[in-house]
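This report refers to the structure that appears directly beneath it.
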Amino acid sequence: MTGRSRVGNVRVRSSTTTVPPMATISALADALDALVRNGSEVAWEGAPVAVATVLARRRVRDLTLVALNPGISGDLLVGAGCVARLVTSAVAGPDGAVLPRIAAADVEREDHTATGLATAYDAGAAGLPFGVLRGYVGTDLATVTRVATVRCPFTGEDLAAVPAIAPDVAIVHARRADRAGNVDGLVGVGRDAVYAARRALVTVSETVEELPRTELPGVAGLLVAEVPESPVPADFAAWLAEVRA
Amino acid sequence: MTGRSRVGNVRVRSSTTTVPPMATISALADALDALVRNGSEVAWEGAPVAVATVLARRRVRDLTLVALNPGISGDLLVGAGCVARLVTSAVAGPDGAVLPRIAAADVEREDHTATGLATAYDAGAAGLPFGVLRGYVGTDLATVTRVATVRCPFTGEDLAAVPAIAPDVAIVHARRADRAGNVDGLVGVGRDAVYAARRALVTVSETVEELPRTELPGVAGLLVAEVPESPVPADFAAWLAEVRA
Amino acid sequence: MTAGTSPMMLLAAARLLRGGICVSDPGAPTAAALLARATHAPSLELLDPRTPGFLRHGLRRVEVGLVTAAQVDAYGNLNTSVLGEYDEPTERLTGAGILPELAAGAALVVLLPHRLRSFVERVDFVTAAGGLSGPLDRARVGLFGTGPVAVVTDLGVLRPDPATAELVLTDLHPGVTVEQVRAETGWPLEVSDELVATEPATDAERAALTGSGP
Amino acid sequence: MTAGTSPMMLLAAARLLRGGICVSDPGAPTAAALLARATHAPSLELLDPRTPGFLRHGLRRVEVGLVTAAQVDAYGNLNTSVLGEYDEPTERLTGAGILPELAAGAALVVLLPHRLRSFVERVDFVTAAGGLSGPLDRARVGLFGTGPVAVVTDLGVLRPDPATAELVLTDLHPGVTVEQVRAETGWPLEVSDELVATEPATDAERAALTGSGP
């Protein structure tokens, strides 16, 4: 035991930063400037076309895009050359056809099952390095992607393990927000992606007067941006020329 | 290859049973008669006092009660001698004091942390034999309860594993239901317990005309019972005499 | 109705369904599920895979899946990933989605147009397991769900022979010959001794088809 | 105000808080959190542990925990499980709840009345890890969060000495002597060379205490 104690007036969390309210309403372009860098890993769950358009205009490069299905907006982003790596479980448009730019793109790919990605988001949200599922069994996916086996310490059964997804930023879509940043419809995989990510942007189609308080315990610094329904570009080449102008 | 194929007119799911609607409104006593047997493992998440009263009257025995916190209703159930085994993370009343019948009871006990039990419910809901968490580290709990270690196959990190909870029945509380069996406020641990259990009863304080369709994909045969707010018995001995009468 | 989808395909698929918790791919599979529900299987419960909680907690409770694929092989294995080699594919497909876990746990009805390019001896990539390579393979790798029970096409119905796990022709749609089916099948297709002709639409089915048709 | 809770205890605990994401046990810990938020720490975000998603996804993001316990020992380990032997306890306590994971990941302020029965050399059961048995123990077992930073009582404040991981007396409330504290502490309590007296309540604190008092 020391005669002269070194315990001083240690204070809890003496940093001078203050915690912002759970969510801040932001302009889309400002939010994306704040959140997305060249090389960022981005969880992309329902992001509207307008997000791809802004990022393509900013000439963001080398993104890793993680998505159950990148959708048309993800296809545009890949087509604009913003993406170096794709982690997906499906690459289909609303018509069920393969997303054309993604199908043709020369990018690194990591293919998963939908439950595999949902499990990876959940693991990221829980702060774990991996998630466990019954999946990938008997498939060739198991031989080409990042999936491993873990043994149950109680039953001895072997199960699939996927590496957690803990992206730099999650860009997810919800129905509505209010002026205080409460969000309606942030559920399921989008919600887990927000918890898994370091920072997050929620796009909403509509801002309303007042919603019930959003319950995302522990999530601080969420950005919310209202994004009007943007039409799917009828002509990809024209869209690309426009964003590159 | 066989010359004479044995493939006949195999039909998918030729059983004659039909799937009931997602939820059925039921009287509390009928629901409990249908769901709870001597020896049943019961997830008990917010069950009101009236459920304990009915089960005590029925002289149900040897239950395994699983609960983040059994609450006053769980304390009554234990006091009435219905419970042989307790799996809990906390045993406190609303005043923060230890639940007296549970503290005194001669029952088998398995103590967990709250996150440990939430993880065990989630694993049960996912059909897995175990769940993974960062938890129990450095505690004596780790030496007395069912917790093991699993190694991340990607990072080599050791994490805690808990055996999944897959109870015979979940009895959980939600805010409201409508006449079609849609439920408002079935979220969090209660929702996971319903997914983890073979069958489930949701008690609600109120039945209203119409709620949005409840989204519990894959849950069939849920029972819903309206249970009016029942007062906490002022005198345990009188309550016990009454239910044993 | 999209190319390669025939009323007989929808009828034959719908008739396989009795009820239960079901998910279906868009297009012909969903049309078949709705047809079954509108006629003889009113208790069929159709889930939307986009519902929160479906992937981690709901999918394992699904009893019947109606799906499509780009390739199906002699053992009922399915490919929705790539044509050609995985590392240098000639064509990229739409990906796995929920198909692998659905094929692992549920009974699967596969709907696709009967064309030689799709009915291959061995799929280029096993996105979802059918019988793998033989009758004991599913159990051997730990697949305890039913898996593919029928492949329903615009020509007829193929089902796995339990003895070999190979798909054999069990039903022929009206006006179709075994030779037509074999010409569009990339392996020496066996024909069941109990081969039946698909019954024409009943009045109720015809009404439902017309009512729910595109 | 419940027995053993003093305004000085609430003040001393509240003053430790600067902001951040916080959970607090009912009673004195929550009163201290509310006091801090009402005075110098308006950005303190108080979470309800019953919120859906908190346990598996939210708890790991908590920065500050205000808690109580039945026993605390010389190393700041906490017991809320049993008194006596685990298998044959003399008294059962309220259980672990979120305390073990909170003590693992967050900075912890422990509030409890300073009584000899609670301030023991070694807790009967380690429900939540403080310094375990020495300064390197938390890192050794893989606890990378801060853990207990202060034990605030109705007599003063104890904090872990980084060199030994033992709790030492760093603050004395007005009118309390070191001897009084030692008489209620079950180990040979060291006193910090920088021992300070707890400042009396400011006007703002007094107003908040009165306004939020029971």
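Going by the order they are written in, the chains are A, B, C and D; count residues from 1 in each one.
Keep this in mind: contacts are C-beta pairs under 8 Å (C-beta built on N, C-alpha and C of every residue); 3 or more make two chains touch, one makes a residue touch a chain.
Protein names from UniProt, one per chain: C, D = CoA-transferase subunit beta.
On a predicted model such as this, the values are computed, not experimentally measured, just so you know.
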Chain labels contacting subunit B and also subunit C (CoA-transferase subunit beta): A
Centroid comparison with subunit A (C-alpha atoms), farthest chain: D
Mean-CA-position distance for subunit B and subunit A (Å): 33
Between subunit C (CoA-transferase subunit beta) and subunit D (CoA-transferase subunit beta), centroid-to-centroid distance (C-alpha), Å: 61
Whole-Å gap between the CA centroids of subunit A and subunit D (CoA-transferase subunit beta): 37
Residues of subunit A engaged with two or more neighbouring chains: 126-127, 133-134, 191
Multi-chain contact residues (two or more partners), subunit D (CoA-transferase subunit beta): 49, 51-54, 56, 59-60
Pairwise touch network: line, ring, star, complete, or other: other
Chains touching one another, given as label pairs in label order: A-B, A-C, A-D, B-C, B-D
Residues of subunit A defined as touching subunit C (CoA-transferase subunit beta) within the complex: 69, 88-92, 96-98, 102-104, 111-115, 118-119, 122, 133-141, 144, 158, 187-189, 191
Touch list for subunit B against partner subunit C (CoA-transferase subunit beta), complex: 1-2, 4-15, 17-19, 22, 125-127, 191-192, 195, 215-220
Residues on subunit C (CoA-transferase subunit beta) engaged by subunit B in the complex (per definition of touch): 16-21, 42-45, 47-49, 51-54, 56-64, 107, 109, 149-150, 159-164, 166, 168, 170, 188, 190-194, 196
Complex interface listing, subunit A residues touching subunit B: 123, 126-134, 146, 148-155, 157, 159, 161, 163
Contacting residues of subunit C (CoA-transferase subunit beta) [partner subunit A, same complex]: 25-27, 49-56, 59-60, 81, 86, 91-101, 104-105, 125-129, 132, 137-138, 141-143
